[in-house]
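Letters A, B, C and D name the chains as they come in the text, with residue numbers starting at 1 for each one.
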Amino acid sequence: MTTTTKIETRYPDCDRMGIVHHAVYPVWYEMARMDFFSELGFSFEDMNKLGVNPAMVDLHLQYKAPATYPQTLYITVRGGEYAPKKLELLYETKTEDGTVINTCRSFHIWTGPDNRSYNLEENLPEIYSKIRAACE
Amino acid sequence: MTTTTKIETRYPDCDRMGIVHHAVYPVWYEMARMDFFSELGFSFEDMNKLGVNPAMVDLHLQYKAPATYPQTLYITVRGGEYAPKKLELLYETKTEDGTVINTCRSFHIWTGPDNRSYNLEENLPEIYSKIRAACE
Amino acid sequence: MTTTTKIETRYPDCDRMGIVHHAVYPVWYEMARMDFFSELGFSFEDMNKLGVNPAMVDLHLQYKAPATYPQTLYITVRGGEYAPKKLELLYETKTEDGTVINTCRSFHIWTGPDNRSYNLEENLPEIYSKIRAACE
Amino acid sequence: MTTTTKIETRYPDCDRMGIVHHAVYPVWYEMARMDFFSELGFSFEDMNKLGVNPAMVDLHLQYKAPATYPQTLYITVRGGEYAPKKLELLYETKTEDGTVINTCRSFHIWTGPDNRSYNLEENLPEIYSKIRAACE
């Protein structure tokens, strides 16, 4: 499963050099990640109701080319490594002509209502099998 | 009572014209407001414990001159009109040489633990008298 | 002329109380303003080429009800007072069921390539007549 | 050489879970990086005058514990690998009691006035020797 999120850059995303500031990408990747989880059948509202959260533990970005304003971009997300308590996601940001300008890998630990590590396979087996299906 | 908060501009505060973006000022005024409440003896932690919040209902900014990066600025805050359920605050942002570059007026309704309007004079008379003293 | 801009709130727009932080609205109003100018026939790219800019001098927001994440909002923009060197814009943010949650008024001075006040009627009469038409 | 930058968290840095949002850290690391370069003798103003820029090509963050508001944090920066055209920097964010809550590694390519790769050793040998000294 791969999802695609359309991004329209915003004026204040650009710094004084006229290019999108590097701290904007994590916000975009979060939006794309939310779309991925919704498509998978485990939306933010679902997580919120259950008190379950994919806590960010590792975020790795590679800046390959600049973006500017105004510009339309597309972010693809796909699942990477997964286990009952953790999940890796892989991202690409592309321009309209398909040039990759940024790539990202995020790594998450599932946390439960007590804010501690949470075994998704044991506690939410249906959702865990959706993740398994999405990552294969 | 007038408080002064020192602000160091940050690189991404500036837009592609090299000047601080207009949406950054409300964030600075909030920082200055927090300092004003701390100095007055009613800090964010105090409010948080009590579930009391000065909800923003009206914010009016005037942009008189641009700021840039790097630059040191000073924001002064003083109390305006007050009543048991509401409060007005008045702000000025100045450069190091005292030039006023921005002014602001914010208007707040006190809300209580139930997120509804809250009478500070009745519920927290000691704090209300501190506000009265600070505003006169 | 009235334009409508669709906004999808983002996760980090919300503060720890779970409501959209008040400093996010100016960014949304700027997006809506850009759409208004594009629709009028004077896009950001046009302004950029000419070195003309509607510099923000006054911004007045009224917070009527909170927004949250995820939520879809609609911002309408219409012209207010106008003159050869200045422009007022009026905004409303509504929920999907039409409830107004925020209103705004911004006031702009046109600046030219030298960053000084700019007479739009004299320098760009075609664009000035578009603004006149849009504001009436 | 190791520099330390003091950070006071801001209210809107926290998300609805009451913890600092993960996209805030890159902004803090940029502030800490600017302090590192200033201390080294190659400030942002110097770079700006020369048209030289440490373009971000790779950013890797590790989230070890949450931060909240209000909280005082300290970010240390030290040099990593370096070469005439590139530079690695290493960061740690600590609480007041010394607990590491976040670590980061950024990797930069030096760009010159034409926005292309720039050989610092050839073009600015004095600054390059300062970097060499700071990284050893």
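Throughout what follows, contacts are C-beta pairs under 8 Å (C-beta built on N, C-alpha and C of every residue); 3 or more make two chains touch, one makes a residue touch a chain.
If you're wondering where the values come from, they're calculated on a predicted model, not measured in any experiment.
The pairing of subunit C with subunit D is characterised as same-residue: of all residue numbers used at this interface, over half are used by both copies. Across B-C and B-D, the chain pair carrying more C-beta contacts is B-C.
Note on chain placement: the centre of subunit B and the centre of subunit C lie 24 Å apart, centres being C-alpha means.
Between subunit C and subunit D the centroid-to-centroid distance comes to 35 Å (mean Cα coordinates, whole Å). Mean C-alpha positions place subunit B and subunit D at a centre distance of 30 Å.
Looking at subunit D, one finds that residues 11-12, 17, 23, 27, 30, 69 touch two or more other chains. Within the complex, the subunit D residues that touch subunit C are 11-12, 14-18, 21, 23, 69. The touching residues of subunit C, counted against subunit B in their complex, run 17, 22-23, 26-27, 30, 53, 55-64. Taken together, the subunit C residues at the contact with subunit A in this complex read 10-12, 27, 30-31, 34, 44-45, 69-70.
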